[in-house]
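Let me begin by presenting the structure, written as structure tokens, before commenting on it.
We call the chains A, B, C and D, going by the order they appear; numbering starts again at 1 in every chain.
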Amino acid sequence: MFEDVRDLYNAEIIARGRRPRHMTRLAAFDTTARGDNPMCGDRVQVWLKYAADGSIAETGFDARGCDISKASADLMVEAVQNRSPADTRAMFERFRAMAQSGQCPDCAAFAPLKPLAAVHAYPSRVKCATLPWHALMAALEGAKDATSE
Amino acid sequence: MFEDVRDLYNAEIIARGRRPRHMTRLAAFDTTARGDNPMCGDRVQVWLKYAADGSIAETGFDARGCDISKASADLMVEAVQNRSPADTRAMFERFRAMAQSGQCPDCAAFAPLKPLAAVHAYPSRVKCATLPWHALMAALEGAKDATSE
Amino acid sequence: MNDTAQIFDITAIRAEFPILSQKVRDKDLVFLDSAASAQKPRAVIAAMVGAMETQYANIHRGLHWMSERTTEAYELTRDAAARLLNARDRSEIVFVRNSTEAINLVAHSYGRAILKPGQAVVISGMEHHSNIVPWQMLRDSHGIELRVADITDSGELDMAAYEALFADGRVGLVAITHMSNVLGTYTPAGRIAAIAHANGAKVLFDGSQAIVHRRIDVQAIDADFYCFTGHKLYGPTGIGVLWARRELLDAMPPFLGGGEMIASVSYERTTWAEVPHKFEAGTPAIIEGIGLHAAIEFIESVGYPAIAAHEAALTDHALAKLSAIEGITILGRAQDRGGVVSFTLDQAHPHDVATLLDRQGIAVRAGQHCAEPLMRRLGVDGTARASFGIYTTPAEIDALATTLERIREFFA
Amino acid sequence: MNDTAQIFDITAIRAEFPILSQKVRDKDLVFLDSAASAQKPRAVIAAMVGAMETQYANIHRGLHWMSERTTEAYELTRDAAARLLNARDRSEIVFVRNSTEAINLVAHSYGRAILKPGQAVVISGMEHHSNIVPWQMLRDSHGIELRVADITDSGELDMAAYEALFADGRVGLVAITHMSNVLGTYTPAGRIAAIAHANGAKVLFDGSQAIVHRRIDVQAIDADFYCFTGHKLYGPTGIGVLWARRELLDAMPPFLGGGEMIASVSYERTTWAEVPHKFEAGTPAIIEGIGLHAAIEFIESVGYPAIAAHEAALTDHALAKLSAIEGITILGRAQDRGGVVSFTLDQAHPHDVATLLDRQGIAVRAGQHCAEPLMRRLGVDGTARASFGIYTTPAEIDALATTLERIREFFA
């Protein structure tokens, strides 16, 4: 019955949606921020620890929400590992573009996020995928809250 | 060209609209009130003097507005002469009904107002015809303002 | 379901709604999201088109034919709305954009001018944000206390808790939903009003959902304010109704200022038009008002008894069908309820459920339904919600139930 | 009139407006009341019908196909409005019911939260009530001073008088029409804004009339707020636009509270959604928004240069024709003007004129045009007003002039 949704609900997404690998609150962290999607009630909290060179040493998150937002948060943690804040921001912009359009000009750079590539075909779910990133951006900026709108 | 409007713009209305007979401010009066039609800017002020028995001894008015409202005010002055306030109120109700519907069950009682009978066919002009009466009603009640809506 | 088949001809009714024959992703549209906004019957569409194609001008101010005719058509809607609510007088009908604006109007005008700082406003634990946030804003700007009457675990208003909120005599206004958009619960409007009045408070009912399924009589329930929103009642967007007792409207200052609502304007001093025009600043939603009239006539032509019976039968059917699904939780078990059923599945998040249903052409809502505090009270992040309209069929509910079973398997 | 004939094909344009082929009392409709509200082209009607028949659901909150499509269609209107005004960003477009609501929104939110008691708001001597009354209400509730910049006898803004109002440095906001609905005068928006800004004040333009006849560029005129109302721009009723600089919108508190405008709600504390949603509480005028998009595209397809040329030619023609009538007084002789001509006849009151015109199928407006203080300034009780749209022809103006001659004879 649901063969047509396997592009988004692929094995990777379902596995990470059910059992995220990085859904933990960091015991020690440098910054944290929360993202809210008010329309649906999704919420993600992200914790960050920087390395000495300012790059991201460790990320953890807690999420209430759907498989898409949890899987996205989980993939995000791996994708930003060891990246500088600037790099991370650029990655977010590219990811957002991909989530909205389905196009990714330099996909190679973020292969880990590929499992979410089909989300563009589900317009109202794009925010689920970008919500953890909004929280991450807020954390990088030292803000407390973000909304994904 | 305008034969079809002669029902409303009859000789009596045009004559009274141009040269009202009772458009004067009373030197001595017991009560006065103003009526406003905010949508078009018409305004009528009515002055009243009572006789010893409480009936209307004299009425005067001042008006800025169209021929219909001036003629209506002028006819009204004659129609209410010597009437008790209760009688005047009842007359207003009958006049209003006629102005809105074109029907007047006991027209005889207010023959002087007959020249306005056709106003019901001009829905947006009904207020012009009733405005002086609203002012008169306000004066009878000792109020200061009325609007015709 | 055979009783409703006798009461009205669902095929004929569905034929009145052009959108229902649309395909969604090559599947038949199964529209179970009417509580968010209902579809529009031909009569409403035709009334709006007719106004625009044959008889349109700005209203109230024109001396010409088009304006007179349009004014008349628009004002007839006021009569129809007064009839629909059994209002005492047509002047008690104020046109607004939607329920949200109606409640804000009361919060601004009645709230700031008549309620005194230190007085309290009572809402319930199952309000839509539109009946929470305006009172919070009033609280923060005007020093009103906001009190919340809790609900029971079955999703009904806790009447003892409600009554207890009046103990200190400071409640000035109760603002409460007449039917929950999440739980389907009808609140006992007559009793709510009686208790409020016995304690010197006025009462506003948010009838956004209630009026869709049942005949409302504002005099019988002894309301002071009642509001509804056109787009949920098969009418256009952009138009809604606030009803209030004439003496309250007379006492209230205007909300928005501008054209249409004045008696006279000078720079020094402006006086207000009579009720209801005092509250209707600017060019109104003329075409939408005319469309709302057609919606009201449509409702009247089907008749509330038939609508209520049809939707009660559908709701019973849905509750029975959905309860039979393993791992489902249905939220709210009120005795007295309308055609809205919220649920969660143990295996899947409501969003994921909604997306998969959508792929089968089945439209439900998922999320918080603009009722975040209620979600917290229920201990959930969100729900999926199926809601029924005049055009919903038992077969559509069966399709929902069957597809939910498949979704459980998909996520198992 | 031959130039406009070359610029666009008026017959083709008229064919787009179904209502123009209506008869009024067996006469051809001559609709010269577009400044009150314009007629609707087929494209607008079709867009609204299309939304209701094929693609409708509540927006922003739905995860299903109908809701996604409807959201997309509605939000495309925001892009179109941003393009129409040359806004920097689509988030600067706030949807409202009409200009009146837009101005009230600014008066409530910016007025009460950012302006300080003791500061002044400047308006002009030729404002519509909708740009007077909200500021009076702000004055009375918030201790703002209201200052009026007088107009010259030719009906233009008196720039010296305007500039003088800033002398004490207390002006916080200028709220001024961009085109008078009575005199047709365009105000020099760029200079008005420059003077306001030089004195530390923000400026709001009421573009209700201006945008109908001419291309507006909010960046070029350096506005802070700009508003217009859909129904005058050939769009539906019930929808209008407030544009404001993003940083102002960000700084302003919300106006109405409810669904759609929140980030999160708890009874204790509610946080607001991002701009523009912060200002859009409740279910918006969805179908009307979609209709407005069609109206904007219609305007764009004809093109402002052609519209402006057509209407300038019509206005010149009307001024020439009407001036030739004995006993007529034309109010306002501004250099820079749009397609609105107000006049009085010595022999007849404007109402009587309008009624007699109407009997010939000619629709004009008569009265105070929601501008009572301006009437006082002009020393008249009211005027008759002919106003022109994209579909107006020189022949219609000729019919007006001829009939006015007859009316003078009638009342002679």
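One rule holds for everything that comes next: a contact is a pair of C-beta atoms (placed from the backbone, for glycine too) under 8 Å apart; a residue touches a chain by one contact, two chains touch by 3 or more.
The structure presented is a predicted model; accordingly, all values stated were derived computationally and were not measured.
Visitor: Using the touch definition from the top, how many steps at minimum link chain A to chain C?
Guide: Graph distance in the chain contact network comes out at 1.
Visitor: Specify the chain most distant from chain C by Cα centroid.
Guide: The most distant chain relative to chain C turns out to be B.
Visitor: Measuring centre to centre with CA averages, how many angstrom lie between chain C and chain D?
Guide: 31
Visitor: Measuring from the mean C-alpha position of chain A to the mean C-alpha position of chain D, what distance in angstrom results?
Guide: 45
Visitor: State, to the nearest whole Å, the distance from the C-alpha centre of chain A to the C-alpha centre of chain B.
Guide: 75
Visitor: Among the residues of chain B, which are close enough to touch at least two other chains?
Guide: 38-40, 124-125
Visitor: Residues of chain C that touch two or more other chains: which are they?
Guide: 61-64, 67, 262, 264, 351, 355, 366-367, 372
Visitor: Give the list of chain B residues in touch with chain C in this complex.
Guide: Listed in rising order, the residues of chain B that touch chain C are 36, 38-40, 123-125, 145, 147, 149.
Visitor: Considering only the defined contacts, which chain C positions touch chain A in the complex?
Guide: Contact set of chain C toward chain A: 348-352, 355-356, 359-360, 366-368, 372, 375, 381-382, 403, 406-407, 410-411.
Visitor: Where on chain C does chain D make contact in their complex?
Guide: 18-19, 22, 24-25, 29, 31, 33, 36-37, 39-40, 44-45, 48-49, 52-58, 61-67, 97-101, 103-104, 107, 128-134, 136-137, 146, 148, 229, 231, 236-239, 254, 256-262, 264-267, 270, 281-288, 351, 354-355, 357-358, 361-367, 370, 372-373, 376
Visitor: Can you tell me which positions in chain C touch chain B when the two form their complex?
Guide: For this pair, the touching residues of chain C are 60-64, 67-68, 71-72, 262-264, 271, 273-274, 277.
Visitor: Of all residues in chain A, which touch chain C in the complex?
Guide: Listed in rising order, the residues of chain A that touch chain C are 1-2, 4-5, 8-9, 14, 17, 38-43, 64-68, 122, 125, 128.
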